[in-house]
Amino acid sequence: MGIVLGANEYGKAETRLVRVDREGDRHTLHDLNVSVALRGDLDGTHLTGDNATVLPTDSMKNTVYVFARRYGVGQIEDFGLRLARHFVDSQPSIGAARVSIEEYGWTRLGPHSFARDGGETRTAVLTYDGRESWAVGGLHGLVLLNSTDSEFWGYVKDEYTTLPETRERVLATAVAASWRFGTVPDDWADTNAGVRADLVEAFVETYSRSLQQTLYQMGRRVLENRPEVVEVRLSLPNRHHLLVDLAPFGQDNPNEVFVAADRPYGLIEGTVLRDDAPPAGLAWW
Amino acid sequence: MGIVLGANEYGKAETRLVRVDREGDRHTLHDLNVSVALRGDLDGTHLTGDNATVLPTDSMKNTVYVFARRYGVGQIEDFGLRLARHFVDSQPSIGAARVSIEEYGWTRLGPHSFARDGGETRTAVLTYDGRESWAVGGLHGLVLLNSTDSEFWGYVKDEYTTLPETRERVLATAVAASWRFGTVPDDWADTNAGVRADLVEAFVETYSRSLQQTLYQMGRRVLENRPEVVEVRLSLPNRHHLLVDLAPFGQDNPNEVFVAADRPYGLIEGTVLRDDAPPAGLAWW
Amino acid sequence: MGIVLGANEYGKAETRLVRVDREGDRHTLHDLNVSVALRGDLDGTHLTGDNATVLPTDSMKNTVYVFARRYGVGQIEDFGLRLARHFVDSQPSIGAARVSIEEYGWTRLGPHSFARDGGETRTAVLTYDGRESWAVGGLHGLVLLNSTDSEFWGYVKDEYTTLPETRERVLATAVAASWRFGTVPDDWADTNAGVRADLVEAFVETYSRSLQQTLYQMGRRVLENRPEVVEVRLSLPNRHHLLVDLAPFGQDNPNEVFVAADRPYGLIEGTVLRDDAPPAGLAWW
Amino acid sequence: MGIVLGANEYGKAETRLVRVDREGDRHTLHDLNVSVALRGDLDGTHLTGDNATVLPTDSMKNTVYVFARRYGVGQIEDFGLRLARHFVDSQPSIGAARVSIEEYGWTRLGPHSFARDGGETRTAVLTYDGRESWAVGGLHGLVLLNSTDSEFWGYVKDEYTTLPETRERVLATAVAASWRFGTVPDDWADTNAGVRADLVEAFVETYSRSLQQTLYQMGRRVLENRPEVVEVRLSLPNRHHLLVDLAPFGQDNPNEVFVAADRPYGLIEGTVLRDDAPPAGLAWW
């Protein structure tokens, strides 16, 4: 019997970068949170503290800033992939790199003035192993609600079931979605905006008998409309809106007054994909 | 020498209420976080545990839900004032009530579908003492940024000052604002939307030599445009965007690449008001 | 009618400082979050952007670090007061300074190893106006629970009251406390530890008929035991532990199984003070 | 080409349970956050909204509370495994269940009084697939710091490296650890306390040339001392403590005054395991 080092990785997390592009008086803003993770021949540093194959995480941070100046940010998938390639191609000991980016949106108020969009965050994860690269787009914090067209009934009733069946409920969730690309789209931003629209429209248009049904329709809609996407992963908390019992006060409550509950919440997670999707490789790392 | 009970209050905080108004197929959503605080003759419960003058905080919660059903929510100032009046007028032992409301905005996606607006929150604080009432509108989480037209120089240099003067910097802040009403406006929502627009426009249009200067202009703009508002309080964190030194890498950085720093941050707080503003009374409780 | 600048202040918030004292091989740690706020003649910067009376907040941050090196941190009340005095005494335009400090505790694991204490935070607020100084000690995040010896009955029942009276409930709260000093104690740490012990013991030992009663006893206990403290302010959320109704499952629930609810919560706030306490002046700013 | 449903699961997350055990006057407290996830034949609900195989997440919540009353909580591994077995054994459509538990510690203050331990949280993940079960213990939020005995040098220097080598630095991290059991220990609590002690002692006693080296020693120490544990996974953020440059103020800084930085941070993640560890199966789900 022996004790061995298993899977491991390291990197710099949450490098906050704001890039202002100045074309004359009209500025553009990129507001990113960049995390880098590397895998490779890292036995030395773990086993003996020999750092000969370790690029300092501080250097990764510097690289993010230098690349932002040298190449601009542009679309975060391009920016992330450039970084991932750089680390693998320049470090012999590094076998694979993953660059995860959160992008915070800003609404233009003027030529050089902006208001930050709240809540929703765009994400991208770019992975490269020296030969192949993978791209996963995503978003989180998109909170959606349908105030009708949602039912829940016909479920298992065991001895611990007290939930009444309903043909009318509020359905609300905070969408966290990731979508794997099979091919590089013509325009990342265009595709990603399209995916977001698909997700929203499917949520809105699905007459729902379960959040799982809505989840599947959301993933399906993306795959139907976006040939470049081969897999969609969704994590949907069921943000319960509990009907308040007003009978003690002599009032009915015809689906009007709800408690927005914090916890507990249902959590529905699922994958929708093409049956001929290529292997995921390191896409999900 | 004796030990005495000083100022005190109690109430139910953070009652989460979602009200769906159903007019045929087209629904409207009110999403609130309601906190109630009461003052009055509460010596008994503090000194001896005699609760004869204590309305349970659970009853306050119930009242919020019942009133939402009975009267609807409408504008949060009306809803809050109705609640504040109710507690004082129905409880002989209660001398004053404050109802603080956060409202979370939702963007319509369809007749009964919505996406929650992130980040920014509307607030209202309604206070009533049995004779007089006060209304304070507000917002927080409005993050604004100017990528130019901001300078900072001519300041005190003491022995601990190393900050270089600058004629060009990024100015960013998360606005927390409260505005006291001198009179009841024709339409609360209309006025509050106008105040928000004034704050944003003043931020955008002010060529700034200090965040204090911007703060003052924001408050002034509101008072100039909104006769019903008599006082504006602003709390503006200076969200520093630090220029990255790229010289070690042989690059300049002409105000393009910044670190968005978390901490520490400057914190600028100030009040702008009319010189004939009526006394604030319990407005700020 | 005119528009005027009202009360205002500015400063550097949340400067994170860790000070390692090395006496031979045995180290000591001070882990602080320091916020500075200044008031004074600041009309220029607000009204015209003239910063001639503005000490940059960056210089305040530097001062915190320099003072930590030069004088050590020692007890945070001494450290904070030294800083407050410095800003007022060295800047003619500044009339008053407030230094607010959070201290995070660490438990010693070895001569130079430590584990951070979670949850609870010590605080101190030191204020100086050029002539007089004020000290307020405090803590927050101290979560206490009694699993019995708590009742709640005999309260007002209005038409919205459904809460059943109880002679047996769980009482839990997260204590946020501040205590104003009338005189400088021999040893700040000693007094503050004593106040904490008083608060905890009074919570534990009070047979409670309301959280207000417990609050008063907590404040009273401090004032009885600590002559140097003249006023105690307490903010006590009532962290409801709701008895789960297990009757649908054929089980009783003799005060054994509870839901720890997030929201809403009761919020009980009160002051206990000496009837001969000196005026608070700027103690509470 | 077709679109298909891939991996999916659902359950109730974050059911907050407080269990008071009353043995005469001396009470014991269990404070848990329980999350259940189920996998199985869930095509119907996803594809057509047919919920015939769906046990409502509300029933899972009820089961948690009923089991807490009926069996007590005891050790969370036993409690979690009992729940996992129940869901799989009672629901023909469910193939596997995972019960994840966070336990919040409380320090006894008296026979029925407690103070909540802050920061650190114990975790357990119990998985069952109808034939086999897996147990993973864990903790997170354990913040450790060595103020010396940490170096970092001999690393790769690329064109973006500016970090100076050091033979003396502060090393701090917030430990998130999970350990997989190969066999059921005699006493879960005893083993878990032992693992925690091993992690802490290895952190304290390792003279560190990289956080990776410390990570490996932490995992190794556990495996050496705990035959029932076969694999340890560690996620260690490097909480940078940056030495403040006091030279502009004419002062040196002999490793005394540091900025505790929020972001970015290094993130070191690794697994240490026995070379004869049995397959992980669903242990990590």
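We call the chains A, B, C and D, going by the order they appear; numbering starts again at 1 in every chain.
By our rule, contacts are C-beta pairs under 8 Å (C-beta built on N, C-alpha and C of every residue); 3 or more make two chains touch, one makes a residue touch a chain.
If you're wondering where the values come from, they're calculated on a predicted model, not measured in any experiment.
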Query raised in the report: If you take the mean of the Cα atoms for each chain, which one ends up farthest from subunit B?
Result: D
**Report entry** Same vs different contact residues, subunit A with subunit B, by half of numbers used
**Finding:** same
Report task. Sort out for me whether A-D or B-D is joined by the greater number of C-beta contact pairs. Result -> A-D
Query raised in the report: For subunit B and subunit D, what's the span in angstrom between their mean Cα positions?
Result: 38
Query raised in the report: Centre to centre, by mean C-alpha position, how many angstrom separate subunit A and subunit B?
Result: 31
Query raised in the report: Distance-wise, how many Å sit between the C-alpha centres of subunit A and subunit D, to the nearest whole number?
Result: 23
**Report entry** Overlap residues in subunit D, where contacts from two or more other chains coincide
**Finding:** 16, 62, 66, 160, 162, 248-249, 262-263
Query raised in the report: Which of the residues in subunit B end up touching subunit A in this complex?
Result: 16-22, 27, 29, 31, 62, 65-66, 68-70, 106, 109-110, 112-120, 141-149, 170, 200, 203-204, 241, 244, 246, 248-249, 251, 253-262
Query raised in the report: Any idea which subunit D residues touch subunit B in the complex?
Result: 159-160, 162, 248-249, 262-263
Report summary line: subunit C partner, complex, touching residues on subunit B are 1-16, 35, 37, 42, 45-59, 61-63, 66, 90-91, 93, 152-158, 160-163, 208-210, 212-213, 215-216, 219-220, 223-224, 231, 237-238, 263-276
